[in-house]
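Both of the next two complexes hold subunit A, though its partner changes from subunit B to subunit C.
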Partner chain A sequence: MPDHDLPGRSRPVGFGNRFLLYLELVRMEFVNNLAYRSSYFTGIFNYTIQIGAYFFLWDAIYSGRRAIGGLNKEEMITYVIVAWVARSFYFSNLDRRVAVEIRDGKIALELIRPYSYQMVKYARASGEAFFRILFFAVPAGTVIYFIRPFGLPPDWQAGLLFLLAVIGGFVINSQISMIAGFCAFFTQSTSGIFRAKRVVMDLFSGLLLPISFYPGWARDIIKLFPFQTVSYMPNLIYLGKITGGAVLKVILLQLFWVAFLGLVSVLFWRFAVKHVVIQGG
Partner chain B sequence: MALIEARGLTKEFRIFRRREGVMGAFRDLFQRDYTTLRAVDGIDFVVAEGEMVGYIGANGAGKSTTIKMLTGILVPTAGSVNVNGFIPYKEREKYTRGIGVVFGQRSQLWWDIAVIESFKLLRRIYNVSQEEFKARLKKFDDILEFGSFLHLPVRKLSLGQRMRCDLTAALLHNPAILFLDEPTIGLDVLGKAKIREFLKEINSESKTTVILTTHDLGDIEALCPRVAIIDKGKMLYDGSVDNLYAQWGHDKMEDIVKKIYEGCKPEQYCMIENWGDTHA
Partner chain C sequence: MSKQSGWRQDAANHIIIFFHYMAQYIKTKMAYRADFFIYAFSDLLQQSVNLIFILVIFTKVPAIKGWTRDQILFIYGFFLIPFGLYSGFLNHLFDVPEKYVLEGELDRVLLRPLNAWFQVVVETMNPELLIGTVTGIVIMVYSGNAMGLVPTWWDFPLTLVLVVGATMIYAGVYTFLASLGFWTEGNMGLMPMVYNLSNYGRYPMTIYRGPVRFILTWVLPFAFVGFYPAAILMHRYEYIGYALLTPIIGIISFAFSYWVWVIGIRRYRGTGS
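Right after this comes the complex of A and B.
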């Protein structure tokens, strides 16, 4: 009898196999999302209206002024459009999904698997993100471009670095969502936490307002948090306001936050799992 | 060497007791009233390789909590636990490679995708080779007969069909130990028979150790030479089914278990008449 036929002797998983598993999860989530693609078409419509509203708002604010917070009117409109289109890519419901699994006790089924719960969740979020970029962000950007042409990156390098920074923003946004979701271990009512998280993210990431519009003391506080690396900094790279070595600084800052948030969520997870109470059954 | 060894295993839950009324809710904001519930209270549980043990107890007796500690989902409050050479909750990723778990109340399969896709993903998760995967799937299909609904999403399956798929999912990686938490709950007679036949086969052929909680004593009679009975977190009986009959006379198993749940101990012989009096 070959060794692996004995019970409990399944072969250990190497790094390569683990990677294949996560890749498979990315693929599965992508395919899964195809079933819901029609809901994304309504999403494109919603985003177009949202962006339209901001367009008129900023149009009114800029009347008679040349530049506010270092951006002229045309740059501001591009900023808003790029920020929202990028958001259609990096946004995810990770926090809610994690919280629901914890609240319903489905987390028990994740704890009996020989994988990292967080990595599985990130892999699936990536699958969804790939889907979003193809079926949401790119179509939404194209539609909006035809309605109201906006500025393009100054050169292809800036465009590429912007994409890289947005991917960094996606990772950081997912990590923040994961940590928010873990709060469900300790409280039944997570909706308040999620609402607070959303407001903080929208304001401090630079989605609603470029960070340069804030007063100096507020900017100093925002600097202490990872939020502005999700939207504000990538957008400035797109606009060509951050160039050269400063781009490298942004990427390094993102890497720092990825490492920091990764550490926080691992510690939080370890602590929470020890105190986990499985609901039901 | 024992495959499962738990000593003085204890799990306490802190329960937040809400006060009544508006004033009560207001007071809860500042001072919370906790009570401690001892769900599992210092049990010893030792299982050898290849055994098939029935683990029974009334609702809320602590069965599921024990299973969750043995599978590494819950961290014990006190006591020691060692399963298959691991401390379950400490070395989760290594430990869970060697176990299979089925919760009758929940499916571990992906709800929206075809059953076979879930199996394929599990093959990846446990790193099962393609040949083994195919061979096992075929072997399980011979008894459980899931071939006809392998390509349906789980949400379209009946409870019986789902349970057969869940069992397969738990055994695809040929685990040393199979934990079953109420695997026959809600199944019809034929469904139960099929699952029992399958478990027997797996136990005798692959020497898989099986721990099974159930409310259906038919499961125990059909499968388990050994039974452990727990009530209010304490182990009331742990021994052979034969011995249980010998100690209690040749009542039906159901009656014996009823009496044990009622608080009678095997040593103090409880008269059937007495039991009848209080519950007439």
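Right after this comes the complex of A and C.
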């Protein structure tokens, strides 16, 4: 049998093969999730209830007022719905999964495998995200649209660019989760860190409140972090509040943060692996 | 031994055992002290999300449907008190369908001469989350002061009664959902949904439309864990009728759910392995 029929055994894995491997992982995770699709039905109701709470709240906040923080009432309601539906796509349990593997010592096995641990995790998260967009975000958006119609993007370009920006938000959110998960190398119980991360994401990504609602000094601080590129900026693209060249700026900003967080997580990973103490045996 | 002293003995036993569980809990948590404090701190942080939300909104608007910042804060502060008690002791009734029924943990519980519901609660409690209650009291005192509220002497025993009533509503709702596990033998995913709905209770009922308000008052009575009792404590007496219903609804919902729980326990046949 010729040599090249045994990829990864007698020869190092090439770039192409590696790419196929990650693609296969994306597919596997998608199929895995199919088995649990019924649990996503309750998820849709869950999100509807949560969005409902914010709908009533914003409805009351806007009673008798035209515009707050640059958004009128209809735009605000659309903002909240789009923000939550997009979250149902980009959200993942990456942090918890990474932490569990580190705590249980499974990470030791991952370390000897001939692929990048982080890339495997991202590939799986992407598979889950594909699943979520089809079985969670789109149905949830449709159900909510029938209960309470909300605004659509001003044109198809805005819609497309919104999707692109949300994918960027997904990558950045996953990277932040990955870094949070790596904290498990240094602390036994990570639930506190994950909750803190969630608080930061909820407030500073723009999920709960558009960043334009914050006072100037807070906005200046938030600007220094990647969080607002996850939800706030994509939502404004959806609403047509960011258009033309400004969209390009958002995408470039996202690329910058992807590179920056990628570097941080690689360095963190290297440092942690050198100092890792595997639990048990 | 007379029958009455048997009953007293039983109650005393439960209380003593509660403190034993508490002591064990603290010991296990103190093994990872830093994590324990990070966890408690992150709970405070989580409460601060809603606080920041309210504070930021009120930099933009003077009132929400006639409710001022301090009134909204006061309702939220009251809401946190029974919520802290629920988080500390009742949140993990969540585990009953999966862990206790499906995996058969209840076998062990039922073999002991102690109340099964009590055992589940003390085995799964997270008393450090009671810190939410403290946060709630601080917010109530602060916002009460800010709106110039002068408490009368009966406000204090009334607060206690309302908090107990509200906590019993939580106990009732979550015991009921947990008991469903005896029939469904698994988690139905209802709990997070109900949890999200309970968050509706921390805002004035006047912001909700008719059917939602009806559900929150009469079906899943979360209007009574925040808004109605808080309204009477800030002397908005137009809600006195509802507010005074709080302990009654608490007793009814807990009694009903406990009855369902007992039937469920009788139905329970173990996992057979």
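The rule is simple: the second predicted complex is superposed on the first by the 272 of 281 C-alpha atoms of A that agree within 3 Å, B and C clash if a C-alpha of one lies under 4 Å from a C-alpha of the other, contacts with A are read in each partner's own complex, and residues count from 1 in each chain.
Methods note: a contact is a pair of C-beta atoms (placed from the backbone, for glycine too) under 8 Å apart; a residue touches a chain by one contact, two chains touch by 3 or more.
All values derive from a computational prediction rather than experimental measurement.
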Quick one: subunit B and subunit C on subunit A, clash or fit? fit
In the superposed arrangement, does A:Asn46 touch subunit B (first), subunit C (second), both or neither? second
Return first, second, both or neither, reflecting whether A:Leu209 touches subunit B, subunit C, both chains, or no partner chain. second
What angle, rounded to a multiple of 10°, is defined by the Cα centres of subunit B, subunit A and subunit C, with the middle one as vertex? 90
First (subunit B), second (subunit C), both or neither: which does A:Ser191 touch? second
Which partner does A:Tyr115 reach: the first (subunit B), the second (subunit C), both, or neither? first
Does the superposition put A:Phe19 against subunit B (first), subunit C (second), both, or neither? neither
Is A:Ala35 contacted by the first partner subunit B, the second partner subunit C, both or neither? first
Output check: A:Phe271 vs subunit B and subunit C. Expected answer is one of first, second, both, neither. What do you get? neither
Rounded to whole Å, what minimum CA distance do you find between subunit B and subunit C in the overlaid structures? 6
Contacts of subunit A common to subunit B and subunit C in the A-superposed view none
Residue set of subunit C touching subunit A in the complex reads 32, 34-35, 38-39, 41-43, 45-46, 48-49, 52-53, 56-57, 59-61, 64-65, 188-190, 192-193, 196-197, 199-200, 203, 206-209, 212
Which subunit A residues qualify as touching subunit B in the complex? 4-13, 17, 20-21, 24-25, 28, 32, 35, 105-106, 108-109, 111-116, 273-278, 280-281
Applying the document's contact rule, which stretches of subunit B touch subunit A when the two form their complex? 13, 64, 68, 71-75, 84, 89, 92-94, 96-99, 101, 103, 105-106, 108, 110, 112-113, 117, 121, 124-129, 132, 173-177, 181, 206-209
Which residues of subunit A touch subunit C once you look at their complex with the stated criterion? 39, 42-43, 45-46, 49-50, 52-53, 56-57, 59-61, 63, 65, 68-69, 187-189, 191-193, 195-196, 198-199, 202-203, 208-209, 213-215
